[in-house]
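To start, the structure under review is shown below, and the notes come after it.
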């Protein structure tokens, strides 16, 4: 239908020019070489990818994976009970969901800055602890992996709670009643029935947290200083200060592919279709 | 000789897997009230949508006033549809809804004409109400007025009374019939309710599994059905072997009757229906039949042996 | 009962989610620049209002947010409507991909594109490049909001309009568009917020003269914590909160 095609045209053009084409350029750059003045030129090479296997860069890749993984694990541990509580909250469900989402509706930058304010040497935690005479010198709470972890969990907890809640809400209450009927105590019901049955939902929520954590840039930048370099920081650095665009492009490609792979696994699962 | 207002020539609509409409041909003359009757899934709504222009036929032609309109869009056809869910525009008042088509044509007198149409369906008082404030019956009348005000050559109605409660349905039936007579516009009414089709139509087409099994007047279709399906769909029918006889034509007596055809059976139960009584009888051969008797003859009791007989003229054979 | 234990835990978890922001806002009213409460004061708000850099950043952010919100809302609404009439798997796949792609990757790829274009067109990084980038990532958000509204929309209404003589465009304009108006407003507000908040992509494609508010805040935060940032943050929290609240109300209509 002519009208429908016309309606789709602006979006198609814009996404093609300003989303797909840029990604294609990055893809191409990742196989080229850095020029003398920071440009991009031939020859075509795989060197950028092999360079990523250097111990230095491998460490960054590894740190990204384990920080993202740990953040995801924490989100699961912290988020699952919260989602369970909300799913059983009856009339107040939407109120609690709003409360979970409320901090999310503020600026990402502000949310990350808040932890800067709390964790720095003259920040809230240190000031309180010093005031209570529990410590004499400030604790170095900032500019390390731990601070980055806190920042990531804080920002992405709702990404887990919401889909987890959606899954738990659909749980058949008869299953729980049957388990209780067969003698299972409340904790056992959770562990032996709810968790296994909602496992696909847990996996889906985990992927939804892991992907943005893997590609995090602002959080490790503000809260990690230069000390907790993740993949996102590496990429930003290569495209600005270091001016090695081909190498940065290779790193970007690796990040993109990892994200796309995880996402495709998510989309294929039945759970995803229920949640989305 | 003027062209018939609608002609369907070997119309078919195929989907991967099944033929929704299978080689349907039909001719409707100007000014009549016609019905398409059939069970769910028989293809009547699909046929209607092809006439309206919302579906494209796989093969065959739709002719309006003698011209083939297959390639014309709904807004290019002089046909109007009253949808099953009324499809009133929620953001417009009743008056604006009725005016919609006229304003699309840039008619200068759209408001007075719309008011006259609302008056015709007795809803002038609700002219400024939004659809959400109207009852089911009122919405239906606005939908009707909205289509009629355009004075189309053919009005299509897709089970418009289905969502109404029984009492309102009967009332709306009478109003629809009166409306058709008054305006003289050709109506094509789709329904699965045989009582509705019989009471409203000048002629009706009985559809089954994508085909038209019979097209005729209510008397023809009820008394001289062309197929066993039509016979069974239009009303209850008793099968005595290959002969079918309607319950109201099935006589019941305690003595052997002086009739050429009769069967013996035992009374299973009687059902008091208010204006008549249905006597359920089990024949020797095991078949169950129903004899309809007047209220006063409600004297049969369970277990009684009775004789069933009928006039040969009332038999239907296929 | 298990629910009580869960309830206690959940209260703590929700406190964890809200406390940092509340603390931030509370200390924006602190008379002292140190993290020790020394009395109520509005001095940091006054400082924020008179800071020229913040002012310029705010102006840039508003211009960019408004222009990109308008563009992305128009483009996204059209796309959602087009996809509702006829499925377009490639476009919807691309839009979802744009939501999931890490911002750093989107940012550097756009930088690469603009650099490449610069060789031919001499178009420097500045407000236009930022706006282009913002529209690119906002379209998906708009499309989601409008698509959600269309999912519950009765298709026969457009058929009825066509039946009464309106062609496809008129049917959209006279019947569907009025029904979409609250959703369009909601999507526009969402696009506004998303654009205003962006730091990562903007910082890469902004160039020297077009600093946005997040960029100024970032620079201030990097230099050392100042309560002025707290004040600006509090302001942003309130404004965003109100805009999102309105957007959600509109979507419920």
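A, B and C are the chain letters, set down in written order, and residue numbers restart from 1 in every chain.
Here is the rule we go by: a residue touches a chain if its C-beta (ideal position, glycine included) is under 8 Å from a C-beta of that chain, and two chains touch if they have at least 3 such contacts.
Because the structure is a prediction, the values reported are computed rather than measured.
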Centrality ranking, top chain (CA atoms only): C
Most widely separated chain from subunit B, with each centre as the mean of CA atoms: A
Length of the line joining the C-alpha centres of subunit A and subunit C, rounded to whole Å: 18
Chain centre separation in whole Å, for subunit C relative to subunit B (CA means): 55
Interchain centroid distance [CA atoms averaged], subunit A/subunit B, Å: 60
Complex contacts: residues of subunit C adjacent to subunit A: 1-3, 6-7, 9-10, 13-14, 16-18, 20-21, 23-24, 27, 34-36, 74-76, 78-79, 81-83, 85-86, 88, 91, 94-95, 97-98, 100-113, 116, 132-133, 135-136, 139, 143, 168-169, 172, 193, 196-197, 199-200, 204, 214, 217-218, 221-222, 225, 229-230, 233, 236-237, 240-241, 244-245
List of subunit C residues in touch with subunit B within their complex: 154, 156-157, 159-167, 170, 174-175, 178-179
Of subunit B, residues touching subunit C in the complex: 52-54, 73-75, 79-81, 83, 85, 87-91, 100-101, 104-105, 146-147, 150
Of subunit A, residues touching subunit C in the complex: 1, 3-8, 10-12, 14-15, 18-23, 25-26, 29, 78, 81-82, 84-86, 88, 96, 99-100, 102-103, 105-111, 113-118, 120, 122-124, 127, 131, 154, 157-158, 186-187, 190, 211-212, 214-218, 222, 232, 235-236, 239-240, 245, 248-249, 252, 255-256, 259-260, 263
